[in-house]
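Paired with chain B in one complex and with chain C in the other, chain A is shared by the two complexes that follow.
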Partner chain A sequence: MPEQIIHTHELPNGLTVVIEPMSDVQSAAFCFLIPGGSAFDPAEHGGTAAALTDWITRGAGDLDSRDLSNALDNLGVQRNESTGLNHLAFTAATLGENVPAALSLYADIIRRPQLSDEEFEGAIAGIEQSLRAIEDEPQRKLMIELRRRCYDAPWGLPTEGSLEELARITAKSVRAHYDRCLRPNGAILGIAGCVDIQEMLALVSEAFGDWGTKPDSSMVTGPRGERIGHIHHDSTQTHIGIAYDAIEYAHPDYYKAWAAVGILSGGMSARLFTEVRERRGLCYSVSASLNSLKHEGRVLCYAGTTVERAQETFDVTLRELQRLGDGIESHELERCKARAKSSLIMQQESTTSRATSIARDWHFLKRVQTLDDIRRDIDELTVSGVLDYVHQHPARDFTVLTIGPNPLKVEEA
Partner chain B sequence: MPEQIIHTHELPNGLTVVIEPMSDVQSAAFCFLIPGGSAFDPAEHGGTAAALTDWITRGAGDLDSRDLSNALDNLGVQRNESTGLNHLAFTAATLGENVPAALSLYADIIRRPQLSDEEFEGAIAGIEQSLRAIEDEPQRKLMIELRRRCYDAPWGLPTEGSLEELARITAKSVRAHYDRCLRPNGAILGIAGCVDIQEMLALVSEAFGDWGTKPDSSMVTGPRGERIGHIHHDSTQTHIGIAYDAIEYAHPDYYKAWAAVGILSGGMSARLFTEVRERRGLCYSVSASLNSLKHEGRVLCYAGTTVERAQETFDVTLRELQRLGDGIESHELERCKARAKSSLIMQQESTTSRATSIARDWHFLKRVQTLDDIRRDIDELTVSGVLDYVHQHPARDFTVLTIGPNPLKVEEA
Partner chain C sequence: MKFHQTKLANGLSVIGELNPAVHSVALGFFVRTGSRDETAAVSGVSHFLEHMVFKGSDKYSADDVNRIFDEVGAKYNAATAEEGTLFYGAILPEYLPQAFELFANILRPALRQEDFDMEKNVILEEIGMYDDQPSFTAYENLMQSHFAGHPLGQSVLGTKESITALTCEQMRGYHRDRYLAGNVTLAVAGNTDWAQILSLAEQHCSSWPTGTCGRVTHEAKPAGGLKVITRPKSQQEHIMQMTPAPSAQNRLRFAAEILTVIVGDHSGSRLFWDLVDPGLAEAADLDFNEYDGSGSYMTYLSSEPEAIADNLARIQAIYAEVNLHGIREEELTLAQNKVASRVVLRSERPTGRLSSLGGNWIYREEYRSVGDDLATLRGITCRDVRELLDIYPLGATTTVAVGPLESL
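Now for the complex of A and B:
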């Protein structure tokens, strides 16, 4: 594998550009993280950042909404916009040769959005539709509501807000969010693929160098929801969500936490899959993943099953989480390592993965890990190290939420 | 871009190996298509092939279910098994250096599965859970039932069968399916990435060369379902499915059909997205895609919206489908071409995409298209050519299915 070159440059206004040129590819991708995510939504106006994320792409610079979509499609850009807690995220992938033109369109979107009244209704309607669609997506609803119960506000709040809040959001309040929150200081642009470092730096400096800084935005904090809960839903299915404390991405023990969750839920030989699904045939889907904010983390688990098997699925899943501290076989850890190494190689072959990873690394760590760094951290994992982590951060004090016709008994939690 | 080398070799028993070595990558992927898909399920035993797809990975050769999962995870294999209409499909991606060992495990799975009684119940339970979970996934249910109504049996039947049929399936009947249908003649193995052609050929010949051929399996044909239908579901949402005739992948006009659907539903500037979702804010999700069997094809459309907006969403969507024949702007086609070229380059950078594509090409075309072939076909598309296609295959005689509290008026269809 060619040596990884990762170049980081911070503009005087605080926008950080992280560039990873990749030989042997023709494509390139970039990932913009712009301050102003949903954690900064005004009080009782959840969904403000989400409305902005949609509205901001509906016309920018001299291009109206349709012309802007056309221009991006003409460049072959595969794009995605999403609202994070901290940032609005814009990712784009296309041929390396089209990146300069695409970046310049995103400079318009980010710095010169039209935010026209006539496009506002469409943006709000889209979010309203998405919120209403949750009714037919109980698994998605479960994970949204589980976050609300295991993280304090604003970190646990749904980025899309609620229908009640959406009704309060106006073009004026969203424009105010744009003016107050979106800024270069704290913004991150990750670029990976067939690009030239100097050309990218010149472009970014030209497009964003004169963007003025803004002070930190305030956020509204609040308590989390009830630890044990049930939401009634008429169905033959029960959806089970379980959360417990873990550690954040920047924590020195992060890879130990990652391995602990990997032993539970990474690959087909992991414990939850083999024990709950394969051996007992209890459910169609069961998984656990590590979720990280900047200063805290959780393990979030999901299991979906029939009403009849819900209690046993819950009990068996909880027992698997709890008994991790009883011992880990060395071959379980070795399999985690093997999967990680293979997946690192595959990530290195995808420009979109790399652009997203280097931007995320900068956000969480203020540095970028090379794949060799990660490989070394993973190689150094030992069973006793992972067990130490599990003993220091045992699976307990569970947040439990179920959606289905009947609540479950959750005494053990 | 380095020149694409695609090597095809047919073993005397009819198994075809298609190999695309890719320089500049360390990963490799393979995709096995083995005859015996759900189209060959015995009468009133829908789900037989699906049960086999699950059961077949629960122990093979000398390894029991858990040891087999462990062995694959130890090789860092990212795997997926699925039941197609024609084939069981096994895809795997890992480091190129691990491919020989992984292939040898898949030879055990395909040729020496244990199919043990004790693992059978778990396999059936998994399918039962998946079938029951459909109740909480109305969008998935809609697309399954739409296929049943726009294709004759067995092509429109759900690969997972039904709960009623599942109750009839026994270990004996699934073993009989294995014995009757799984065979080398008609099997396809696509391999792409960091591999050596001669080494792969030697391995495959060693592992599969002495696999005996079998005669063609019979299939049970039957009529499709009602053209216009509604399934009652208590919700504030309505899910709308629309299908109409198109052409198959092997048809000389395929890329014209592809462009026609791309103008409707490719990228953010496509007609359905801009007209139904962006401009009118009618729904959260709307899309159309080209679905191909070996000898016929359909356009399948989906829109999800609230009950209040369902009728208008349906009417506007149908009108967009119908008015494609009225004219296409040259810039619409140019955007389709730009998106296609960018996406071809990205596909060329993914070993999994390539392994899957070359296997699929061989199945549909009995040859493999290089990316240059496809690029040329796309370059040659003209507005008048695409319009000719649309006039020859107009959007009409729609199959319409809705899931929600109320049926819609579908006079125009």
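Now for the complex of A and C:
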């Protein structure tokens, strides 16, 4: 692998810039994480941060909503805005030469949004539409509701809020969220691709250097939902969600946890796919993934299957999760390592995935791992190390949620 | 980037666009067979066969296939559509020989009865899974209605009944007839050398049976119509509409692509500003689908059922305005800038180049570099779009609705 250069710089106001110049690409991407995510939504006002994420791009600086959108399109910016638990996330990718102009537009969006009354209604109506759409898609609904049941509030709450909460949100309350939460201290800007470090640093200082800090925002905590549950839906399939405790990204054993989940669900030779789909033909879709917050993590599993096979699918899936501690073959771990190595190298072909990775690393670790660092950690994994992890963090005390025509028997959970 | 092409003695087309600056290599076997090439008796066989390929050959078991792909860290998959079945993977260059050998070997699958019986369950589950996705239900029904009586109206997945009735022997026959060397294009993009590709192709594909397959490609003349599928408990109404557009062989397809960006891209388009931005609809998009000999514009609208009539009227008004007055220069420039950036970003990954490389070859036996695509894009004029609209105006020949409404 060519040597990676990753430059990190913290502005006096606490905004951290992480830059990774990449050779052989014409594009560059950035990922901007700004404090003020949904975990900081006021009590019973879930969806406040989500409303801000939509509203904030509807006009900024001197440009109204349409002029701003046209300016970004003219720069060829492929963009995405999303609401995370901790941050509002803005990602953008375009040709490297257009990044300075794009960054300056994002400085307007983040620091000088118009947040005009006439644009507010459209933002809220859009969120209402997407909340209603989720009701028609049981698989999406399942994963949202599973999180609510396996994490305490606010960490398990849906970032989009609910229809009831949306009705309480006003332009005033969303502006208050902007004033209270969005700030440079704790903000992270990851930039990767065809860019020059010094040029980027100068631009970022000029655009964000005089952005004043704000105190930490408070959040409302609360209990999680029921551990075992069923939601009735006249769907063709029964959608099964299972969650159990794991560890967070910053934990020293993280790669062991990653390998444990990889052995269950990392590729088509992994256990869940093999046992549930290939050997028994129980479903089309079955998977498990590691989900990490800053201080805790879970394994989240999904399987979707027709009603008659749902109980067997659930039983077989649960058994596979539980028997991981009985033993792991060395070739299973080797395959996880091979897949990881290949993914790491291919990441270097995407400026967007590098920009996102370096910003995420800084959020979770307060440092950025080079691809070589990660490869070393992966290479050092051993079967006994992964098994020790599984014994320390066994799959048990499951949170189980099903959506479909009939509930399942979940006694052994 | 350097382009190479050849044809093996048995008729297999081999093309490669090599780029030493990237880290990986992508390969794809584009088999020119899909649901439009099926008879009613074997509806869904192309897609089912795509699954069965991964169940292995005489040399490899299903477990071997899954294991070896994971051992070499391949990112791989397959996809079946109306006109093609694609098997593809991205891999680090040092593992290309192994991944190539495996793909080439399993494309002559064993089609074992016990594997067939087991995988049939998975296919039925896949049909069930899509049934729970209203936009997919709308698409499936739209294709059947719009292309009724034309091969493009044949379902990719098949039905519960057709899959249940399908036999392994029928699938073997279909494979024997359709997976002929002359009906397959092998495309490779990324970091490798041409001599290696040639030698791998000769070694592993030269024994494939020769032959090509015909396909009737007359342009569809849809009669149009309306189909309403009522799901009383749904929240949102999903509408899909189609109307004829240029085919994959028609030079007007470039104008059609840019027109749909201007009128119906997911953001910054006329539909976006009129319906999505004010929150009247969750989604309102216009796409262009090109096929062998036919094409279609496809509109997708999702909104609250009460707002559907008004939203459809808005879309009709936009289309009528575009049909009458065409597009404006500044809209065209904006769309060109937007698409140019997409073309460049996509080209930075071998998998991004692979689909363009293979698609151009199987439809037109043509190589188009990133530079060619950018030059064509920049060369489109408002007059080209006017010419397109005069022949293929926007509209709603066929409509399908899925949701609470009982009528439209």
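The criterion applied here is as follows: the second predicted complex is superposed on the first by the 413 of 413 C-alpha atoms of A that agree within 3 Å, B and C clash if a C-alpha of one lies under 4 Å from a C-alpha of the other, contacts with A are read in each partner's own complex, and residues count from 1 in each chain.
Please note the rule applied: a residue touches a chain if its C-beta (ideal position, glycine included) is under 8 Å from a C-beta of that chain, and two chains touch if they have at least 3 such contacts.
On a predicted model such as this, the values are computed, not experimentally measured, just so you know.
Aligning the two structures on chain A places chain B and chain C in a clash. In the superposition on chain A, contact of A:257 is made with neither chain B nor chain C.
Residue contacts after overlaying the shared chain place A:343 against chain B and chain C alike. By the touch criterion defined above, A:138 reaches both chain B and chain C. Annotation: chain A residues 24-27, 58, 65-66, 69-70, 73-78, 93-95, 98, 121-122, 124-126, 129-130, 132-133, 135-139, 234-237, 239, 267-270, 274, 277-285, 304-306, 331, 334-335, 338-343, 345-346, 348-351 touch chain B in one complex and chain C in the other. Those residues of chain C that touch chain A in the shared complex are 21-24, 54, 62-63, 66-67, 69-75, 90-92, 118-122, 124-126, 128-129, 131-134, 233-236, 267-268, 273, 276-282, 302-304, 333-335, 337-338, 340-342, 344-345, 348-350. For chain B in complex with chain A, the residues that touch the partner chain are 1, 23-27, 58, 65-66, 69-70, 72-79, 93-95, 98, 121-122, 124-126, 129-130, 132-133, 135-139, 234-237, 239, 267-270, 274, 277-285, 304-306, 309, 331, 334-335, 338-343, 345-346, 348-351. Taken together, the chain A residues at the contact with chain C in this complex read 24-27, 58, 65-66, 69-70, 73-78, 93-95, 98, 121-126, 128-130, 132-133, 135-139, 234-237, 239, 266-270, 273-274, 277-285, 304-306, 309, 331, 334-335, 338-343, 345-346, 348-352.
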